[in-house]
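My questions will all concern the structure given below.
In order of appearance the chains are A, B, C and D, and numbering begins at 1 in each one.
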């Protein structure tokens, strides 16, 4: 079973990296860009598990390790 | 117009980070996990542009700045 | 009195902490391997700087799951001392032993330099040898030392005197210029600057030594500790 | 099939040589193994013949060139291991990973000797930066890559150099140097000794990394593997940290008889080199090699350059001991073969022989060796056609000095070294920013001083003299920190050796290095050659980077370059001559790379170095700084900036003012001395008959230079500092 996890900074947390990239893009001529935020994409091959197991595992993995819920939020997607 | 860009390491490129996280997850009890790869998720607010413009802009932004095409590949998605 | 320094895979400053405690201050100190399940013998545990588990994913994220960290949690619950320096601070926040989180430096660069810190509270077992308002020079070396915390928590921490060190000139974008904070009980301190790098005249700086001496005073029972 | 050899980068004669050695046609695996081993990078086929000129031994050298790193004695049973290596091409393709893996590779060379790596340095060259986004991108990536690797693994990056010159615009240089400490009786070597001993593999799994080059036959390769092959290697400093600790712990047990890192040409070179240095033969099973990807061909496994791997030769029967220690560090190890004495490197694929070659025919003892033609390039005569009166004297010396301080070549490199953890392991006594870094040696009173140096503009104008100056300047930097120069490692970066004019530069440079090393008694104990740093129309300036180590008997006596206190007396040691040829002043202010390079007189040089060293050892000096790029003017500014101290100095001279201030004459030092110690210094100078002048004193907040009674420079130290410190940051931000 494969899955993708998307981890992004919470809205309330400043994202200096995103800000720097926005600046760079603006300078490259994309003046209209209003916002850039950088997150993580984690692709997992969960091995031989059922969809329910995968769902449960992903939730705990995200809460415990893949995201720091003090500053980040996450979403995931199980691929079939 | 908003968009999401997904940047991942090319298959041939080693991903030490993913490898280490796989090890950590295995040790945490997720023994079946076979592979973990870590990429970037970039969320953009492109401002007031048409879908065609967005498409074109995203392509050049990815090629020039957002992805390092020597080692990375990218995909993007325009949100409506 | 015994100090213990936890060695995670990727710890680098373990030997520096050891050196200061053993060779400069002549104290009893031992390395503790990360899968140790017993910390009873130790009075103060140090989580050293470095790149535990490569700091992959997030700094300190993986280290929080080591067996020794379960023991550190218990150790802290008993009111015994825990000092996290740099990566150690990151591990403590990831493990929830300290509030807040550490994110990328505002300039997105690793910074290695010596910076001025102000001592905000000397009424703790970590800072008793300093004066309030005293400005000390301590090295920093980090890429993710930008401390973030929500407003309510910060307010409480301030009221409770948990902010122990602030930067005179903020190098990394840290909220309220925070360089080091402790928990409400004041037995767990996390700080980005490296006091162990400021422990000998030969290295040109001894401003960090009083931090270790404060701990020693406390453990020897001679110092004030607010409770 | 006629051109099989071309696909692996060999020529007809070389292929014939393989036929002769094997007595048959090589198979695909064998051919590729010869291809990588006989490449310039591994075989040094164009440079080896000249190495005999180098002095490589004296009573302190414990290991000269030929091993993973050189080792030099520093007394008390302690020794220093060191080596420099280039990662130019990978860094040009992918600056972050290229630089990072360069650092990773050189660290492995050091702990492969059994030494604990204690310091890193790096020497960088780029095209002119001010108007080039490309150069900014490269510098940013390279510095982050070096920082990313060195900081993570916990070895301080304590020094280096960076220069910008248009000759590097197509070929940036990234050379990394590592220095380790070792006790004499713990030195290990890459020997496969003891027939029947086990060959073990430790570290990261093998992938299809580092196979993008031409030296790869494609006949039997599927399209899939073609696509999966990658020229770019990704560094894993965390893995290397574990590997480093595991290896050092293993070496303590005595079960390891030989150890070798897997660098260029991967397993192929590690196997044939250790075999040749040991019993002569080895048999390994390619199926036993841990792999990162499925479906890899034996040839891919054998020549992969995946990072963070080591080869161990382990005493038969003690393999379990190795496994245990390696596992403790979260890694795994596996037996892949055994030591033999039949002279063959045999690669098995399970029960089948996949390839079989005389081991010593692969490594540099068996590789071809060329004596190329050389010829002085035409430009050499042209550039010498210059006299200092060809350029006009500046109007405003304050402005000229500021313009020089702002030059990226002279400006503060703080923007760079602030990104490097230069303090971890709490042994850095003199941090980056002075002439040489000084590290204490734990467990003794000693210290070591480290520097890298090369003024490639001078090497371009006159490779022999320029190379002498590179060695001598390195020594001067070491001496200014209070250390005695001991030995060098050299990173030789040049254009194509197949072109007679480039090869002339290379040869001249080797002769110059050799002469200077002989004069200064600093043997060459290790090094690296990087050729083909050229584009279709131009080559880089010849760049022989000299990494030097020196020893301080008492590290507490370490000296730095900045003025210390108001009222101290300032002395200038040595003679300033009409020698602005090749100077930064001439290049920056007048846009010329021309002239005779400054002359070097080893008699005077040695006398002055000995004097400065003795004065520091006796505790007579407050500061010492050598004069190099930017000459007297820039050196005075640098001395003042450190602690924001002004100086008032004056000169009587027959030279034009710009020549006095900016000539780069050799063998000069600026010293500062407490008033009460001045007499002692004077007495010492009388006895050695050293040329010197008392030029003024440390005072106030301005640098004031009076020449023949006219106040020529009058500027606030603050202003100079702002310009100098901010220049690089300003360009980068």
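We take it that a residue touches a chain if its C-beta (ideal position, glycine included) is under 8 Å from a C-beta of that chain, and two chains touch if they have at least 3 such contacts.
This is a predicted model, so every value here is computed, not measured.
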B-C or C-D, whichever has more C-beta pairs in contact: C-D
Centre-of-Cα separation between subunit D and subunit B, whole angstrom: 36
Distance between chain centroids, defined by C-alpha means - subunit A, subunit B (Å): 10
Residues within subunit A bordering two or more other chains: 40, 64-66
Residues of subunit C whose C-beta touches two or more other chains: 53-54, 56-57, 62, 65
Per-residue multi-chain contacts in subunit D, two or more chains: 236, 238-239, 330
Which chain pairs touch, all of them: A-B, A-C, B-C, B-D, C-D
List of subunit B residues in touch with subunit D within their complex: 9-16, 19-20, 23, 68, 70-71
Subunit C contact footprint on subunit D (complex, rising order): 144, 147-148, 151-154, 236-239, 241-242, 329-330, 417-426, 428-429, 440, 442, 555-556
Parts of subunit C lying in touch with subunit A, wherever the complex brings them together: 57-58, 61-62, 65, 93-94, 100-101, 103-108, 146, 148, 150, 173
In the complex with subunit C, residue positions of subunit B that touch it: 16-17, 20-21, 24, 27-28, 38
Subunit C residues within the subunit D interface of the complex: 9-10, 12-13, 15-16, 19-20, 49-51, 53-56, 109-113, 139, 141, 143, 194, 196-197, 199-200, 202-204
